[in-house]
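Below you will find the structure I want to go over with you.
Labels A, B, C, D, E and F are assigned to the chains in the order they are written; within every chain, residues are numbered from 1.
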Amino acid sequence: MSSTTQHGLVVSAHSADFVWRAGGAIALYARRGWNMTVVCLSFGERGESAKLWREPGMTLDRVKAARRDEATRAAGILGASVRFLDCGDYPLRVSDDALFQLADIYRELRPAFVLTHSLKDPYNFDHPLATHVAQEARIIAQAHGHRPDQPVLGAPPVFLFEPHQPEQCEWKPEVLLDISEVWDVKRRAFETMAAQEHLWEYYTRVALQRGVQASRNSDLKITHAEGYQRIFPQVTGAFA
Amino acid sequence: MSSTTQHGLVVSAHSADFVWRAGGAIALYARRGWNMTVVCLSFGERGESAKLWREPGMTLDRVKAARRDEATRAAGILGASVRFLDCGDYPLRVSDDALFQLADIYRELRPAFVLTHSLKDPYNFDHPLATHVAQEARIIAQAHGHRPDQPVLGAPPVFLFEPHQPEQCEWKPEVLLDISEVWDVKRRAFETMAAQEHLWEYYTRVALQRGVQASRNSDLKITHAEGYQRIFPQVTGAFA
Amino acid sequence: MSSTTQHGLVVSAHSADFVWRAGGAIALYARRGWNMTVVCLSFGERGESAKLWREPGMTLDRVKAARRDEATRAAGILGASVRFLDCGDYPLRVSDDALFQLADIYRELRPAFVLTHSLKDPYNFDHPLATHVAQEARIIAQAHGHRPDQPVLGAPPVFLFEPHQPEQCEWKPEVLLDISEVWDVKRRAFETMAAQEHLWEYYTRVALQRGVQASRNSDLKITHAEGYQRIFPQVTGAFA
Amino acid sequence: MSSTTQHGLVVSAHSADFVWRAGGAIALYARRGWNMTVVCLSFGERGESAKLWREPGMTLDRVKAARRDEATRAAGILGASVRFLDCGDYPLRVSDDALFQLADIYRELRPAFVLTHSLKDPYNFDHPLATHVAQEARIIAQAHGHRPDQPVLGAPPVFLFEPHQPEQCEWKPEVLLDISEVWDVKRRAFETMAAQEHLWEYYTRVALQRGVQASRNSDLKITHAEGYQRIFPQVTGAFA
Amino acid sequence: MSSTTQHGLVVSAHSADFVWRAGGAIALYARRGWNMTVVCLSFGERGESAKLWREPGMTLDRVKAARRDEATRAAGILGASVRFLDCGDYPLRVSDDALFQLADIYRELRPAFVLTHSLKDPYNFDHPLATHVAQEARIIAQAHGHRPDQPVLGAPPVFLFEPHQPEQCEWKPEVLLDISEVWDVKRRAFETMAAQEHLWEYYTRVALQRGVQASRNSDLKITHAEGYQRIFPQVTGAFA
Amino acid sequence: MSSTTQHGLVVSAHSADFVWRAGGAIALYARRGWNMTVVCLSFGERGESAKLWREPGMTLDRVKAARRDEATRAAGILGASVRFLDCGDYPLRVSDDALFQLADIYRELRPAFVLTHSLKDPYNFDHPLATHVAQEARIIAQAHGHRPDQPVLGAPPVFLFEPHQPEQCEWKPEVLLDISEVWDVKRRAFETMAAQEHLWEYYTRVALQRGVQASRNSDLKITHAEGYQRIFPQVTGAFA
């Protein structure tokens, strides 16, 4: 990719979260020529692979390999590359080494925006921890004394994608992103997630509901949308 | 103005509020060729004209005339037109007639966005009432059964400008609007407000602080900014 | 109905709100032999009858008549009776006379529970006003000095049904009511709302999403659910 | 009283509220030589006089007279004077005339602080309305154009006393006032409220619980306390 | 106990917390034949044993032994069994080993509900940590990849019992549990807590206040109650 | 200092935070003869020393030495002493050893009040961690079983000073401390912070804005103020 390619970063607790929650944004920006990178902190090998564990003779390594394959294929369909930090799940535990690795990725990519999980989730403690780590690594990458030979990171905005049960997570859709034109891509990426087929229809409905709401909050015709909450204020030269 | 001119609407409780709180946005959009209309629900004649009331022999009518003059001059400097509904202040009382008048203005202008006060203000009950009325008139203008011969209003976003003591009003700057290029215009508009000279430096500092914060939340150099809170989610095709 | 019949009361701002938002609860309790009464404060004649207003020569009275018919039919399908207070909509305005009428209905029915709208709704100010009125009439009916010859009302719990865009209304599903067994009835009641056909699929998806969430928050198989928020704490002899 | 006497103002929705909720503060300041004035917006004649309404042949006028007597006696015990605006209760309705009467009282007394109800109360809508009116009258009294011949009011802080079910009212004790030395006076004032004897023990326990909490949040021995929430920030020259 | 016995789990930071805060619920369910298990993460040996530390020659081990005895006796009176994880207190520190031990207890007991502390407590950081651990262990026990040979845990609801100063902990009583019939048992269990005699009257008053509130929020006569906040929505077939 | 000297404690994440945020309070109390002690958990060597890192050949040790010097000089100007725990920054990591060291300082000084950071800060995770540690060490110092030979700490109130972007940190000025008389001292202390000259004007404006607000919330003339949020309720014998 050329030196002027723009980058977007997605920090995902488990290997499939980015597909359900940010697949539209990823596909949209990939189509625009951006370099989209997904960092999966874990494979979701213990907590989000129920179907695989029902197979006889399953082992942790085989689950991880299968989940890695699925996520890699889904990322490919969306047009993103994916990196796995293999921190473990249920519970996710992020060492300072992994945190600094993520800070290095910030410095390497210099993303124009970051997508990650909600701030709270009583159903899943790995999600808010991923958000915390995504924020902390960003702050470290902004420090002049961290690898002082490298230029520091600027202030990329952070957007929080929709959790499974939004109201229980105190999450609110402050941005409704129109993903109508890439909906078919997101749906195809869904369908690589054989282990979680029960979620296909659920997240299709989420996209349709957010689409209706996006139309209602504008004068546009939008069929599918993704909701995001902001961490930081929008800095802008125009009301939009 | 041509039929394709775009419109912005500002609903201000008292005759000077729009200058301190939204003067930058108004000047910015006026410079871009937009038609900016300010509706002042009152003149601030009782509650925001201390200096005038200290003059001997002052009457309510004379205060109102003086405040009308000042506001008209300030609007002129910013590049906006201004309408006065003369509803009274301290306390502001908005009849359903005035409410429908405002709904008519929505239908007439079809603004692309609306600026008004914060949702709460323990120092000033006229401000949140103005916000309530600005919202309610917008909803009425959206109703198909309201003047059914006219086309209904769409869904213009509403932005809430900064109150005098933001934290006490539970107001949060979700949008930081770069007003650096029109700051001098806003400052000149300030200075027509002879009755409230004590506020000139206060609101200059507000603009500088929000400017520093806007720079910190982006990688831009911004000297002056205005903060706004959103009522509705942002509908967008891009993270910005 | 016999003297031991139990009663439930639904206070609806417009003539169709109760169908989309509480139709499952109504059908469920009607099937159990309860007397369910819906009070519509308005017909939604101005603000929620877009399709009717597109017909040539439409008048307010004809819209009201059509909406009354639809709501009566929908209530019939659900197994409820409906009363109309005809207070007007967009904006809804509730006089003290209407308020006392509602207090009388509380005293007459002595409902075991009350269903009404969310506490806030930036898209629709009639909804939170209906909630306010439903609460205030309940409080009046509890006063010993109000029609002192009648026995006072007890303390029926109040449940707030789901608004159209829940997060924007600061509404949270604290109760997920299993309506699987009456879903077909609710859907049939939907379909009498010819004026709002665009909402059929939207509220079908709402019921499915809340159904999935209800299953996830229990060990039950639930296909369709309705969400409610509580005003008052649950008083109980068992955790349930 | 001498021209240097300091004044405190209590705005009470019903005739007994000030006793249960602010009786300690009133007695404490009365003992210090302050002039304490209670304004009762209503007598609580409809909604808070259950016991009186159970007497045969009771009328609204007789209830009001009885409640006035009780409140006057209680105020006397506490060392306060009381004024009744007779606005009605359940529902309380405050006309602009009554509002201006209260603004006049602010101008007359120039209180150093104001005590009133919580901002919300789902059990009793008269309480938050009283708070709203107490705040709005204060704002009007601050306006230079309101009776421009009089000096304007300064900025007396407003403290919100404890509602019956604090958590449900979103009320939080930000100030714990030590009333140990006047507890016996408050208790005696309680006991004039023959109509509400069931509340005596309840509010004795409230005072004891807040006393324990006051001790826990300091290194003092406090047996009885009253809790208050602030509307405005504390302005001070010392952390206390 | 038979294979159909139902289980309830209480996660308590210190050895006495469960008595003051959930003793009524435990006694109530024990009386109904449930198996109630209390897990004490620590003995409260450093931070909640002031009286013991005033005895000459006291050691940490002796305090722990005394607290274990007291808690065991109190649990016996309530009808519960108790397990101690001995994680230390002030500060409580929970290793992943202890966390997995608790996850094992979830898998072993398969509780129908879980009781634990509030989400925040500025007076005591061990309490919210206990809540965090109780939630995280529950989530781990739900993971198919955790001990994949065992059946996973379902979704038992979690209820948060009342902290010492509820408003400061942002805790709200969403459930009021009628414990009138077992109040005498809870009081007897209290009285084994010789080290904290100063709390006996405090928590007796808490039970009485919540009892009055429970009566007020229903049409029942309730003398004593315990308050609980919910983490998850109630899933139900009936409004109750 | 004599045995009756009173103490104040400031817990600062980085070596300069206490100057910008609490310098007025420190100077005010020092002038009154109090012993003011600042504990800096880190030097801000990595994250808050941009200017130093731009010098050629800079090392971590040289940055730390320079920051230590600056902070010591600033503290001297304010009249405080300063201790450095050298825990590292970006990210700050506080071991239990450091936590107990801070608990020892509480026991040693027995401060009458504590000043520290806000509870949240999305721009800087070291700040809320410092607050957490300041609170946790205080709780440990209150435990009878912690160094049982020493008298326990009482309950000093904790005040949270103003973060850089207050609304984003959910911080609210509940106390406005008049620092007019020591403003020149605070400004001089500022100016030792050569590494952060860009902040001088920013924090001068903060002091002026809070000064205006302090005047508005009282009837006093205040030119400069500092804002603080409370963790605990104020315990008092008078409304102030």
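The rule is simple: contacts are C-beta pairs under 8 Å (C-beta built on N, C-alpha and C of every residue); 3 or more make two chains touch, one makes a residue touch a chain.
Nothing here was measured: the structure is a model prediction, and the numbers come from that model.
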Contact distance in steps, from chain A to chain F: 1
Duplicate of the D-E contact set - from A-E, A-F or A-C, the pair where over half of the pairs recur: A-C
Interface composition of copies chain E and chain F: same or different, split at half: different
Distance between chain centroids, defined by C-alpha means - chain B, chain F (Å): 38
For chain C paired with chain E, centre-to-centre distance based on mean C-alpha positions, whole Å: 38
Inter-centroid spacing, chain D versus chain A (mean Cα positions, whole Å): 53
Sites on chain C at which at least two other chains make contact: 123, 168, 173, 213, 216, 232-233
Every chain pair in contact, whichever chains are involved: A-B, A-C, A-E, A-F, B-C, B-D, B-F, C-D, C-E, D-E, D-F, E-F
Chain F residues touching chain D - in the complex, by the definition given at the top: 25, 28, 112-113, 154-155, 157, 159, 173-178, 213-214, 216-220, 222, 225, 227-228, 230, 232-240
Complex contact set, residues of chain B against chain D: 45-47, 49-50, 53-54, 58, 60, 63, 89-91, 93, 122-125, 168
Chain E residues touching chain A - in the complex, by the definition given at the top: 96, 99, 132, 135-136, 139-140, 142-146, 148, 152, 231-233
Sites on chain F touched by chain B in the complex: 123, 164-168, 171-173, 201-202, 205-206, 208-209, 212-213, 216
